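Have a look at these structures, which come just after this line.
Below are two complexes that have chain A in common, paired first with chain B and then with chain C.
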Partner chain A sequence: MINYIVSVAIIGSVAAIFCLGVNVSWGWVGQLDLAFYAYVALGAYFVSVLELAPAVKQQNLNSSYILGLNWPFIPAVLGATALGAAGAFIVGAIALRRLRGDYIAIITASTALALAAVLSQDSSLFGGYIGLYGLPQPFNTSLHLGPRPYSYFYLGMCLVCLALVYVILEALYRSPFGRSLRAIREDDVAAAAFGRKLYWLRLRAYALGGGVGAFGGALLANYLGAWNPSSWNLIEVTLLLSAVVVGGRANSRGVIIGAVLVLSVIPEVTRLVPIVGGNADIGPAIGNILAGLLIVAVLRFRPSGLLRERRTVHTGPAVSEGITPQHRPGGAQEGVGV
Partner chain B sequence: MSLFFVGVGSGLVTAAIIALSTVGMSLQYSVTRTINFAHGELMTIGAYAAYVVARHTSNVLLQGAAAVAVGGALAWAFNRLLFRPFTRRGAGALTLFVLTIAASLIVQNVLEAIFSGNFVNYPSSASAAYRVGPFRWTLTDILTMAAAVVALLALHFTIRRTKFGKAQRAVADDMTLARTTGVRARQIVDLTWVIDGGVAGLSGMLLALQVGSFTPSLGFTFLLVIFSAAIVGGIGQMYGAMAGALIVGVVMEVSAVYIPPDYKETMAFLILIVVLLLRPQGIVAALSERTVR
Partner chain C sequence: MCSAAPQSDDILVVSGLVKHFGGIHAVDGCDFRIPVGSLVGLIGPNGAGKSTVLELVSGSYKPDRGTIVFAGEEIQGLEPNEVFDRGIARCFQIAREWPQLTVLENLLIASPVGGRDTISFGLFRRRRARALEREQRERALEILEKYRLYVVRNEFAFTLSGGQKRLLEFARIAMARPRLALLDEPMAGVNPVLQAEIERGIGELMAAGATVLLIEHNLGFVERLCHQVIIMAQGKVLAAGLMKDLRDNELVQEAYLGSVPGVS
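Here is the complex of A and B:
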């Protein structure tokens, strides 16, 4: 039982990191990124090929992978995060050229579908359908922990990582960068008139979100010890969106609550649904249906989500003069207003 | 060279399926100005409806009728249950889009709960290939193209020649103006959705016939191809959609002759990216020009 709870908690904290990443693009800037799960997968794939030993050509297996650098855990995770962010940067550079929201959604969705097709079919890049396996347990060569204490350790590490991501993103949210992004979300024409470089700001936010996703993907792959095309499914990005909508867009705490509710509580509860007519998919299917209905219900009855975004009101002469935030004499006052 | 023509031949079959689905999506987009992320599910439900009927009767017309009816009904439900309640409250395009994502999730999983996530086999009689000029088609191929051509011609006459078509074009052009001149815009939008669902459902059945076995993600994975054809043709353009479908379908199948066929979808994606970079308004001059903020 305790093992079960620990594994649910580990997956839950990784899912919360994913949702915080989705929230950057979608909550802060209002651009709908449907390729997000592709960055999660990129992070997981890259951390695997950085940590694993070089691929050995096996006679009967038509599966190989690039790199194989034997890197230790921390540099591998950082490298995977950077590469995931770089991937998001490239996709974003194309997708964000057209500012219309539905175009961004179409291009990102198409990118993710195409990437999924290539990564699962190309057996020389990341092992194709077979994927990558045999990842070492992070730090356990020096810790020598048994399976159960190690899972506690891993949970602790995931929670620390979640806290780290939360703190960094909160700081960015309050920073001039975060404020400019929200300005773009509320009124991009006005933001441009006030000297904001829309494309560049949006692109940085997009790459940041992708990087957070890749970071979470790296943690997940190390926990699972393996990663292959069946570990990720594009439709899952809709579950992440659902978590963000339910929790409250642009409110990090709300997003974490939404992640726990939609990605941990609902799937674990619907696991109890009995198998009807030999259809083992019925439990997860009901969970996904609930997540979809939750999106509709929240958008209808509480569009801002469970926890509302904190409103900030900027006072002082800077507002009327339109000076860049760095030069504001009084700075911004947080938490004022309704 | 003969292989090239085999590729073109199956490209025309694929194009027929894409064209039906994309034309439906374009019609719907022209009156709602929102991309329906659950469009693939209209195809999927059409495929399953036809599959259920096909288990009882081998009559292809009945199977097609089931696909059209169920696809149309689902599209009608999308409009009535999702779009209308929210547009009435002034929801933005992005909110509507997120709703269609939720709809996609719900429909896929309802199908999974009923039929499970495993592959189902579409019962169809295997048929030999015929040589038609340089092409090689099976009876299913010819049937697929015939069904698509008939449906597209019927749509063409409906949109160009009937009173409904005139009103539909007026609503697509400017809903407020159409309303002030006495067009019943709500009914037109309703009916446009039903047509969208009907042709999408039919194309789903044709796709199922082509691939033979499928899962509840049949239409979802085909969405990339539909998007590609829609963007190439200029989104919201009925005739552009047909042209886009032809280009995407033929390029996909011809490429499969020379590179591994697993990369067909990737070809559709490449077309999409190239068109977006070089001619984002699509090949047919865009009607969306006005809607760009």
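Here is the complex of A and C:
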């Protein structure tokens, strides 16, 4: 049972990283990115080919892969993250130059479908349908942990990575960069009129989100030990978007809560539904229904999500004597409040 | 305020400006000059092309023909952010605040960028970023106090009243420290108390060194404040000069009274 809970927690924390990545382009900038899971897949594929030894042509096995550099875990993950972000940058450079709104969604969805078709059919890039397998367990050549302690270790590592992503994204959200992105989301005409470079800001945000997705993908591939086309699907991104809607767009804490609820709690709880009439799909089907009902309920009763976007609150004193004392709050800190 | 006589140098020179939308000739060969340090009123009936001229100068629209020279540099065809970087800021006819940003954040967005809104600046130069942020925040708070918006500095901008949103537009322009401010009907739908605030705001903009090009239908206001007026109808400049001289001009009266063909 404990192994199962740890496994669910690992998947949940990686899913939370994915949702934080989706939140950058969708929550901060307001652009719908349906190619997000393709960057997750790129991260997973690239970390695999960076960590694995060079491909050996085997009899009766018509697959191979590029690179095979035998890199250790940390450089491989950083490399995969950078390559995933680069992939997002290239797609974004095309999709974001002239297109807006629904058209960006169409282009990104097409990109994800095209990439899935190419990577599953071309066996020379990432092993085609067979995919990549046999990834080493990160750090375990020196730690020599058994399966259960190692799963605890991996969970701890995923939680540290989630915390790291959260801290970095929160710093960026509050920085002038994040503020400019939110201004673009609210009114891009006014943002441009006040000097914001719409294209470059949107593109940087898109690549950042893609990089976060690739980072999560690299962690997931290392946990699974293998990655192939059945590991990712265009539909996955709709689940991530649902989790962001439930948790609260542009609120990182809300997004993590949404990810845990929609991507971990509901699917796992509905596994416990007994099989009725020999139909093993009843649990997942009820899970999908519950997720759908949760989204409808959130949109109906709390459209901003469980945790709405926070205001950056200035609590410092007035800079002159121009206001009345009752309007002058105490303290001299700037913080974030709800 | 505005008592200083216009100087001889022109900060903005518009020549042969043309903008058509399909068969509509919104701006049809428009020429005018704005002296540096002056307050110029751009007036004319609805549909005269005044707002389109402002959109063209600010880079939101690209002209079909003609040149716009700002401080000696041709700027037609530049993107709005590039126009802003050269020192031109605008307010919109209908207030366009960033609704889900606080009032204070609305001002911080309007401060000149200077390469601060990048990922690297947000992550790796945090000490410098914090110092700059503090400096900008203090300036923004000063401006908010002047415009009586300090009290609502932490409120989302969508919660402001119509008049407060109009003041916020002004505060944003003050924050931008422009060399040329383009104001599109700043008095529209504003009560007399707020009108006085806005009048004071225009004076402060000019005292800070800005030249102002103002679209306005309130002719008394224009006559009282503006050094010069430019009168447009049917996409062309009909006349330019002092309002008191132009008030009796037949073309002007026809344009405002609606007897110019095609002008309602």
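Please note the rule applied: the second predicted complex is superposed on the first by the 305 of 338 C-alpha atoms of A that agree within 3 Å, B and C clash if a C-alpha of one lies under 4 Å from a C-alpha of the other, contacts with A are read in each partner's own complex, and residues count from 1 in each chain.
Keep this in mind: a residue touches a chain if its C-beta (ideal position, glycine included) is under 8 Å from a C-beta of that chain, and two chains touch if they have at least 3 such contacts.
Note that the structure is a prediction, hence the values are computed from the model and not measured.
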| item | value |
| --- | --- |
| First (chain B), second (chain C), both or neither touched by A:A191 | second |
| Which superposed partner A:D281 touches (first chain B, second chain C, both, neither) | first |
| Touched partner set for A:D102, first chain B, second chain C, both or neither | first |
| Which superposed partner A:V165 touches (first chain B, second chain C, both, neither) | neither |
| Which superposed partner A:A243 touches (first chain B, second chain C, both, neither) | neither |
| First (chain B), second (chain C), both or neither touched by A:G178 | second |
| Touching partner for A:L208 - first (chain B), second (chain C), both, neither | second |
| Partner chain in contact with A:E309 - chain B first, chain C second, else both or neither | second |
| Touched partner set for A:A35, first chain B, second chain C, both or neither | neither |
| Those residues of chain A which chain B touches in one complex and chain C touches in the other | 189 |
| List of chain C residues in touch with chain A within their complex | 58-60, 79-81, 84-85, 89-90, 92, 96-102, 104-105, 108-110, 112-113, 116-119, 121-123, 126, 129, 133, 137-138, 141-142, 145-146, 150-151, 153-154, 156, 172, 176 |
| Chain C contact footprint on chain A (complex, rising order) | 168, 171-172, 175-180, 182-183, 185-187, 189-198, 201, 204, 208, 309, 311-314, 316, 318-320, 322-323, 327, 334 |
| Chain B residues within the chain A interface of the complex | 34-35, 37, 82, 85-86, 91, 93-95, 97-99, 101-106, 108-110, 112-113, 116-117, 217, 220-221, 223-224, 227-228, 231, 260, 262-263, 265-266, 268-269, 272-273, 276-277, 280, 292-293 |
| Chain B-facing residues of chain A, complex | 30, 32, 34, 94, 97-103, 105-107, 109-111, 113-114, 117-118, 121, 189, 235, 238-239, 241-242, 245, 278-282, 284-286, 288-289, 291-293, 295-296, 299-300, 303 |
